[in-house]
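Presented sequentially are two complexes of subunit A, the first with subunit B as partner and the second with subunit C.
On to the complex of A and B.
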């Protein structure tokens, strides 16, 4: 699996949405499934999938799929 | 600025005159107001009266929520009946609406209630259509007691809260 496929799978399972919905433009709080509780599940899933530890700013600022990729890129995950 | 307590990077401060207009504007937003028991819009005069009476609310504690020196919202805790409190909160600051900070506030406020108030449980009241708030409260250990067409009534004991907090700690620890 590519890193993008792993990210899409993590989003889809954490937010309980279709993989096709996981696009760069998908933003936090714009769908009912991506609320603060799901965000917590998502952060844990991304950390486990990519073996990274996100800090407070990462968690707060991760407000879209695109930004999630940018944050993971800071942790040497290439997309 | 009097910080009453601080948890998970959130300062729970005493409400000051300079806070109340921003709090009123957030409180009147449809997405916040329509989730409350009292859904009426608050006028500046009503807000001023409310503020001036805060000191007389012996069993009700009001907090201005601050994060990184920015006012972000409001919370309260009320000792409604023997051994039980109720709490309420909203995050109004656009950047932090619905963010993890709401969980930080929720956990911090529950901790403070169980530590400082003579209670064995905390209750909450949520509109049935507010699925986000129901999920939010359930993540903080609340369980549904009863439900009617207008409201879902929830409650949690200290043990239920601590079990829920245990599940949240891996992420909350980033906010210590």
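On to the complex of A and C.
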């Protein structure tokens, strides 16, 4: 799997949505499934999948799929 | 029964991070959990003490100062690598680090109060934040914090210390409510007077007075607290969260 596929799978599983919904433009709190509770499930899933430890600032800042990729890139995960 | 034998969705092996592990209650807990088969990650500010303890009980040394946020953050990144390399998951946190300030109220400045809050409250806050993120990966984990009998009863000369310990109890209940949905339990123990280096300066007369005021007529031993912490960390307390258990030999009884 590519890193992008792994990210999409983590989003889809954590938010309980279809993989096709995981696009760069998808933003936090714009669908009922991506609320604050699911956000932390997502963070845990991304940390586990990519073996990183996200800072609290990263967690707060991670407000879209696009920004999630940018944050993971800071932790040497290439997309 | 060993803890590894009776946990649901059993990870390969469970690790528990113990702060303040090189003396007093933390040391007793580290030895107890190592004997029970947990992967024990021991923390203190002293690298030498930490390494020596880790070698003696077969654990992993993770020295850092719990009041130093940058050091704590770096330590958790080290811990993440250790867990990954050893196929462990972080199952438990026991925050036992922290000093006790005994000083008349009017001799206590804000810096001293802030130090108590940093060690006990900010330390517990950050440790819980980083630990719970690791626990949420497996949807299970237990956090145990240390309160004190003075959180509920107060104590002359311990306004700063008691304030910090009272905050721990509010934190315990709020964390329990917020983290329960992720499978993480949070509890605390409120020890009475325990025979640790924290009370080394008490005179024999003061010790005698405390013993007489305790229903069981003795000071507590670190092992008395370690056993309860081990219970709260284990799956034997799987339906307990948000609780503060008094372990004080009956000191609080009217």
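The working rule: the second predicted complex is superposed on the first by the 79 of 79 C-alpha atoms of A that agree within 3 Å, B and C clash if a C-alpha of one lies under 4 Å from a C-alpha of the other, contacts with A are read in each partner's own complex, and residues count from 1 in each chain.
Keep this in mind: contacts are C-beta pairs under 8 Å (C-beta built on N, C-alpha and C of every residue); 3 or more make two chains touch, one makes a residue touch a chain.
Note that the coordinates shown come from a computational prediction; the quantities given were computed from them, not determined experimentally.
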Of the two partner chains, subunit B (first) and subunit C (second), which one does A:55 touch, if any: first, second, both, or neither?
both
Is A:1 touching the first partner subunit B, the second partner subunit C, both, or neither of them?
neither
After the superposition on A, what does A:28 contact: first (subunit B), second (subunit C), both or neither?
first
Once chain A of both complexes is superposed, is A:39 in touch with subunit B (first), subunit C (second), both, or neither?
first
Once the shared chain is lined up, is A:78 touching subunit B (first), subunit C (second), both, or neither of them?
neither
Please report the subunit A residues shared by its interface with subunit B and its interface with subunit C.
37, 40, 43-44, 54-56
Touching residues on subunit A, where the partner in the complex is subunit B
28-29, 32, 35-40, 43-44, 54-56, 59-60
Residue numbers on subunit C that touch subunit A, as the complex places them
73, 76-77, 80, 84, 129-130, 133, 136-137, 181-182
Residue numbers of subunit B touching subunit A in their complex, please.
9, 96-103, 131-132, 135-136, 139, 168, 170-171, 174-175
Please name which positions on subunit A make contact with subunit C in the complex.
37, 40-41, 43-45, 47-48, 51, 53-56
